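Multiple structures are listed underneath, in structure tokens.
Shared between the two complexes below is subunit A, which pairs with subunit B and subunit C, respectively.
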Partner chain A sequence: IDYTGTDPSSPCNKCLSPNETPCVCTINFTLEQSFEGNVFMYYGLSNFYQNHRRYVKSRDDSQLNGDPSALLNPSKECEPYRRNEDKPIAPCGAIANSMFNDTLELFLVGNESDPTPIILKKKGIAWWTDKNVKFRNPPGGDIPLEERFKGTTKPVNWVKPVYMLDSDQDNNGFINEDFIVWMRTAALPTFRKLYRLIERTNDLHPTLPAGRYYLNITYNYPVHSFDGRKRMILSTISWMGGKNPFLGIAYIAIGSISFLLGVVLLVINHKYRNSSNTADITI
Partner chain B sequence: MYPGAVDELQETVYDQWFITLFNIVYTSLPVLAMGIFDQDVSDQNSMDCPQLYRPGQLNLLFNKHKFFICVAHGIYTSLALFFIPYGAFYNVAGEDGQHIADYQSFAVTMATSLVIVVSVQIALDTSYWTVINHVFIWGSIATYFLILFTTHSNGIFGIFPNQFPFVGNARHSLTQKCIWLVILLTTVASFMPVVAYRFLKVDLFPTLSDQIRQWQKAQKKARPRHSRKPQTRRSSSRRSGYAFAHQEGYGELITSGKNMRANNPPPTSGLEKTPANSTSWIENLYKKTTDTVISFSQDKTVKL
Partner chain C sequence: METKMALNYQGKSQKRSAVEKSINAFLIVYLFILLTKAAVCTTLKYVWQSTPYNDEPWYNQKTQKERESLKVLKMFTDFLSFMVLFNFIIPVSMYVTVEMQKFLGSFFISWDKDFYDEEINEGALVNTSDLNEELGQVDYVFTDKTGTLTENSMEFIECCIDGHKYKGVTQETDGLSQTDGPLPYFDKADKVTFSVYGFTFVGIRNGYMRVENQRKEIEEYELLHTLNFDSVRRRMSVIVKTQSGDILLFCKGADSAVFPRVQNHEIELTKAHVERNAMDGYRTLCVAFKEIAPDDYERINRQLIEAKLALQDREEKLEKVFDDVETNMNLIGATAVEDKLQDQAAETIEALHAAGLKVWVLTGDKMETAKSTCYACRLFQTSTELLELTTKTIEESERKEDRLHELLTEYRKKLLREFPKSTRSLKKAWTEHQEYGLIIDGSTLSLILNSSQDSSSNNYKSIFVQICMKCTAVLCCRMAPLQKAQIVRMVKNLKGSPITLSIGDGANDVSMILESHVGIGIKGKEGRQAARNSDYSVPKFKHLKKLLLAHGHLYYVRIAHLVQYFFYKNLCFILPQFLYQFFCGFSQQPLYDAAYLTMYNICFTSLPILAYSLLEQHINIDTLTADPRLYMKISGNAMLQLGPFLYWTFLAAFEGTVFFFGTYFLFQTSSLEENAKVYGNWTFGTIVFTVLVFTVTLKLALDTRFWTWINHFVIWGSLAFYVFFSFFWGGIIWPFLKQQRMYFVFAQMLSSVSTWLAIFLLIFISLFPEILLIVLKNVRRRSARRNLSCKKASDSLSTRPSVRPLLLRTFSDESNIL
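So, the complex of A and B:
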């Protein structure tokens, strides 16, 4: 569901140049079929080059690993997002600075008048190794997170500082899962990143029954300046991952070419063998 | 890389360590082993047929034409190696729904496909397998995976966080079945044209070394059939084993003088330079080889 809002008839058009911040818009959509099992909610961005060399280099992994010296003295790769108002930025770099900050909420419009909000789980979206090994908050044990980040300032484009990303202390600071997912830079300019999980309730009821829904968007992230697009994607997962027709089509194509080639070569080999004896050598 | 396809994809696709180690560790040893140990025909047949050396002398094996074919093959392989993972990663999610289309997983997929394609290519090219060839080729692949998992491990990240940012990547992406399917597809797509081309060439336009190789194979198949004969006539062959001149065939050969050519000098001295120009020397060699082959083949038929 594209919610960029460039089309004047789109509900999110008013958010392109907002009069008030934050701007909230709502998009209605209908699910034709019910979704069973675990459902995954992604946000997708287009024309966003997370693979640009300068962009990818603009991070400090020691700082993100909680190294106290790197916290106060981030690496030079982060320029120009290294220091602000004479204080080091935590987390530094262009990748962190451009973090996606839209909030998406999903509601099911039932037969009753009250729409039911769908429970969205925000933990378990990042890789285990990322959350537990690569990204660590600065050490401190019992000291509250705000104290541990003392002497640093928030990135330029952020509203809240890093130690206020979530009230849950296991998801705050550098180990905030949304932050971790964002920092794992995508390979291609059109990508999707996992936003929330919708866990299946029980086997009797589908996780997302067919019907009308609406998506409540807190539109913070500006993409129209570079002709980018934003989407929300709901998907279920099979044994091989998400829906990906390319691999199937490619396999069928290469398989049929191989088969044809095998047949052709068999015919040629058969003909050649009949024409001359392989033991003859023409010197 | 490929700026036309993905505008401003300016980042190096591969891990820095992979680039460094690729030429040194992963691919040098198999090529070295092939250069030293490979043998397209057996040594005996190489001596029997000096024509085999003719393509080398005439620069037929490494000239501009062959070079451009190599370059074209390289371009095709690199296109396959990039675009197949590109298409596969375009709109994909991992097995737990988690993000796998990130730049590092893409790099790991491409790097693994590359190492496997290169090793398979060398394996196809090797026509004479020794233990060392096996060790070098499969060892290179094993070394690649070993180093991959080491550079992506938690331990080494703890020591040098800035040098090894790929932590956890190998474990995460290589446990996805989707990635292995992509690697398999890329490998097959890369060497399928090569296999087809080679096969057609050997069948329709065989070179001298191809023909001799096939003759060798036919000989090997023929030998087990003929080896039954000595078994049935063991007593007679044992007796004549020490003095084979007693066998009927040899006597006739010697008395007829067919294996002694008084008018032509023996083959070994033909390697001296004659006063005539080099082409006539080659022609002489040509003639001698014809005779030598016939005489040797006669010997062989008798021994069988």
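So, the complex of A and C:
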């Protein structure tokens, strides 16, 4: 579902003007079929060059790994997002600075007056190794996170500092999973990132029954300036990942070509054997 | 510096092989590709950046410094960074591998047991490892006769003295108590002569030559002077003092050198003998003597010493004295010794002919001797029509040049008529047309090459060259060593610069060996100068066959494949990187991790190709030696021509595109994992890289026809090492690295089923054309074989008309069988 709002009829169109903050818009949609099993909610951006060289290297992995010296003295690669007003930025760099900050909420419209909110799970969207090894908060045991990040300032574009990303201590600071997902730079300029999980709660009911829904968006993230697009994608996953027509088509195509060639060669082979057989007979 | 060797020495130039030249040409092409790629990327980058939100979107701003730098300077640095990014397309590591291949590969020649000769207890020797593959490219073979084609072990056959022929009869003539010189070659011939006649040369002691005569008495002769042999005079003399005080000069030498200097009248008889002996292929030698009066000797002695001591022009002075002294001699007679052909020399020459090589024999011997040797070793067949350009055919006359001109034009006409203008099927033509052989001697050759400086001389030369090119075999006799080199140089500079190979055993062949592309020395009996100056030395002429047909062929195929493969794998490697630039805003973002970039050529793909290029035998060695025609397949640098090069390049381009876009389409989906987590750009690169490493290695495995355990070890070992390294590289947070971008990327990648499927699919697609080609080749070969057998089978039947009543046919078939 595209909610960029470039189309004037879109409810999010009003959010394109910069003076409307905070801007909340709502998009209605209908699911024709119910979603069985776990459903995954992605946000997708296009024309966003997360793979630009200047962008990719603009991070400090030792800072993100909780190194105290790197926290206060981030790597030079982070320029021009290294220091702000003489204070080191944590987390530094262009990637962190441009973190996706729209909030998406999903509601099922059961009966007109009382829409049911769908429970969206925040945790379990990042790689396990990233969450537990590669990204670490600065050391400090029981000291509150705010203390541990003392001496640093928030990235320029952020509203809140890094230690206020979430109320849950296991999902705050550098180990916030939204943040970790964002920090894994995408390979192509059009990409999707996992936003939330919708877990199946009851075996009897489908996770998302067919019906009308609406998506509540707190619109913060500007993409219009670079001709980008924002989308929300709901998807189920099979044992081999998301729906991928490429692999299927390619396998079928190659398989049939090979089969065809095999048949042709078999025929040729057979024909030649025949001719040689007849030659044998005439002798 | 005035030894014979030094005089014939020409200065050694760096020998470069044709393969190296092709490599350089390919390099230029790839350099051009590199520059184009960088230029295209730089241009597109600035086109792309012309929209401000692409140049500097809000999420990815430039630093102050970047903004301030000059645009021209920025463009230049961008161009350079693209060059750095794509520089792996130039296979730098290829040079290392090629050198290693050549160095290690040359051991195979010295290890070859077939080259081991029991007589001298030595095998082949490799002096340079640079030219291995050149052995597979030879077009012209220049061979010496004595000691190379022949054994160089002299067997006395007969002699004639004063016009009488003696054959094994004990007969003594005082005059025969002849000579010894420093040249072991003639020495031997004479020794044989002596022993037959009951004179045994004992040795030199205190300047006395001691000769044991029939009655077992030792006669002593005081050796006064030795007038050394040289190839211009073609004779040598000694001056001795007998016990009775007479001073005698004995001279021996080639007939043409001796006959004009004798006063006898029986020359005619001896001459006839000599001619006949030469026709039989014997080496002939004339002996003459002269008595010197004591006062004459005083004068000669003075002159000789004076000349020997002269500081300037010693050569000329000595020569002049020699010339003066060696006159008015009395002819004693002539000897004939047989020099047997080497074992399998004829077979070798035949094989070389069949392999499409042109064999030229360059010898210092008499024409008749050389000619009969050539017949004996089947250089000339009985059906070969001989064209002669010798002093005999040209005749000693005033009109030498005119006559020469006539002959040349006549021969050319003849040849041109035979061969149609187009040279396309020259090699085929040999088997179908009349074969021509050319005989030329030294004096005629010098007439052609250095005739008077008018315009016609050039003309002669070009006509001569044309004639030579049309002949299958050329015999050049009465050659001075420098003339040999001259001929080699002439052929070397022909159109298309054919590869020349010289083989010889003596010091007189050294200049020829040095001049040609590949020089082969035979460890013969004339000392080791040739072997020492050569690129390769073998004990016998017959070894040339295996050296060229088997080793040369294999080396060439190996190195050609090596070169092509290197360019191929680097293009495969860099092309996805280039394509990626289109998707990352031309920002020089590398697709692969830095470790992969550097390790690719060094660790992941280097050893399999090295092992391949050392061990590959696409055709069995025995088959190669048995079927010389296979050699023609690779002549003219066939595997490094434009065609194969384009094939490899397109293959690489195809595979690179498959790698990149396959992965690209794979990444169109939301997630590749069953837990819906997403992959980043490093996973993208790692998938491409994994497919790449597996494909290029498996491609080599497909090409390998000769599997040894080493091949298995390095091919599967490399792949295993790649997997192991990737796990290791991604398994640890490396403390010294600033960026932990590869952390667990590889392991995470392998946890996805889709990735596995995609990797297998992409490898298969990439190798598909190759597999298809192999299958088609197999089918064609099999069907060709079947056709062949069918044809053979039906040949006997084909004469019968096919439209006959069935009954009749079966009947007659049966009767045929019966």
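Everything that follows uses one rule, which is that the second predicted complex is superposed on the first by the 260 of 283 C-alpha atoms of A that agree within 3 Å, B and C clash if a C-alpha of one lies under 4 Å from a C-alpha of the other, contacts with A are read in each partner's own complex, and residues count from 1 in each chain.
The criterion applied here is as follows: a residue touches a chain if its C-beta (ideal position, glycine included) is under 8 Å from a C-beta of that chain, and two chains touch if they have at least 3 such contacts.
Quantities reported herein were computed from a predicted structural model and do not represent experimental measurements.
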**Study point:** Which of subunit B and subunit C A:181 touches, first, second, both or neither
**Key:** both
Review point. Counting only touches as set out at the top, which of subunit B and subunit C does A:252 meet: first, second, both, neither?
Key: neither
Exercise for review: Please indicate which partner A:49 is in contact with in the superposed arrangement: first for subunit B, second for subunit C, both, or neither.
Suggested key: both
Exercise for review: Determine, under the contact definition given at the top, whether A:143 touches first (subunit B), second (subunit C), both, or neither.
Suggested key: neither
Check your understanding: In the superposed model, does subunit B or subunit C contact more residues of subunit A?
Key -> C
Review point. Does subunit B (first) or subunit C (second) touch A:97, or do both, or does neither?
Key: second
Check your understanding: Of the two partner chains, subunit B (first) and subunit C (second), which one does A:159 touch, if any: first, second, both, or neither?
Key -> neither
Review point. After superposition on the shared chain, which partner residues are touched by A:267: those of subunit B (first), subunit C (second), both, or neither?
Key: neither
Revision key, fill the gap. Contacts of subunit A common to subunit B and subunit C in the A-superposed view 38, 40, 42, 49-54, 56, 60-62, 65, 75, 125-127, 129-130, 133-134, 181, 184-189, 191-194, 197, 235, 237, 239-244, 246-247, 250-251, 254, 258, 261, 265, 268-269, 272, 279, 282-283
Check your understanding: In the complex formed with subunit B, which residues of subunit A make contact?
Key -> 38, 40, 42, 49-54, 56, 60-62, 65, 67, 75, 125-130, 133-134, 181, 184-194, 197, 235, 237, 239-244, 246-247, 250-251, 254, 257-258, 261, 265, 268-269, 272, 278-279, 281-283
Point to revise | Footprint of subunit A on subunit C - complex, ascending | key: 53-54, 57-64, 583-585, 587-590, 662, 664-681, 683-685, 733, 737-741, 743-744, 748, 752-754, 757-758, 761, 764-765, 768, 772, 775, 779, 782-783, 786, 789-790, 793-794, 797, 813
Revision key, fill the gap. Within their complex, subunit A touches subunit C through residues 38, 40, 42, 48-62, 65, 75, 77, 79-81, 94, 97-98, 124-127, 129-130, 133-134, 157, 181, 184-189, 191-194, 197, 222, 225-227, 233, 235, 237-244, 246-247, 250-251, 254, 258, 261, 265, 268-269, 272-273, 275-276, 279-280, 282-283
Study note, to complete from the structure: Contacts from subunit B onto subunit A in the complex sit at residues 6-12, 49, 51, 84, 86-107, 154, 157-158, 161-162, 165, 167-168, 171-172, 176-178, 181-182, 185, 188-189, 192, 196, 199-200, 203-204, 208, 211-212, 214-215, 218, 289-290, 293
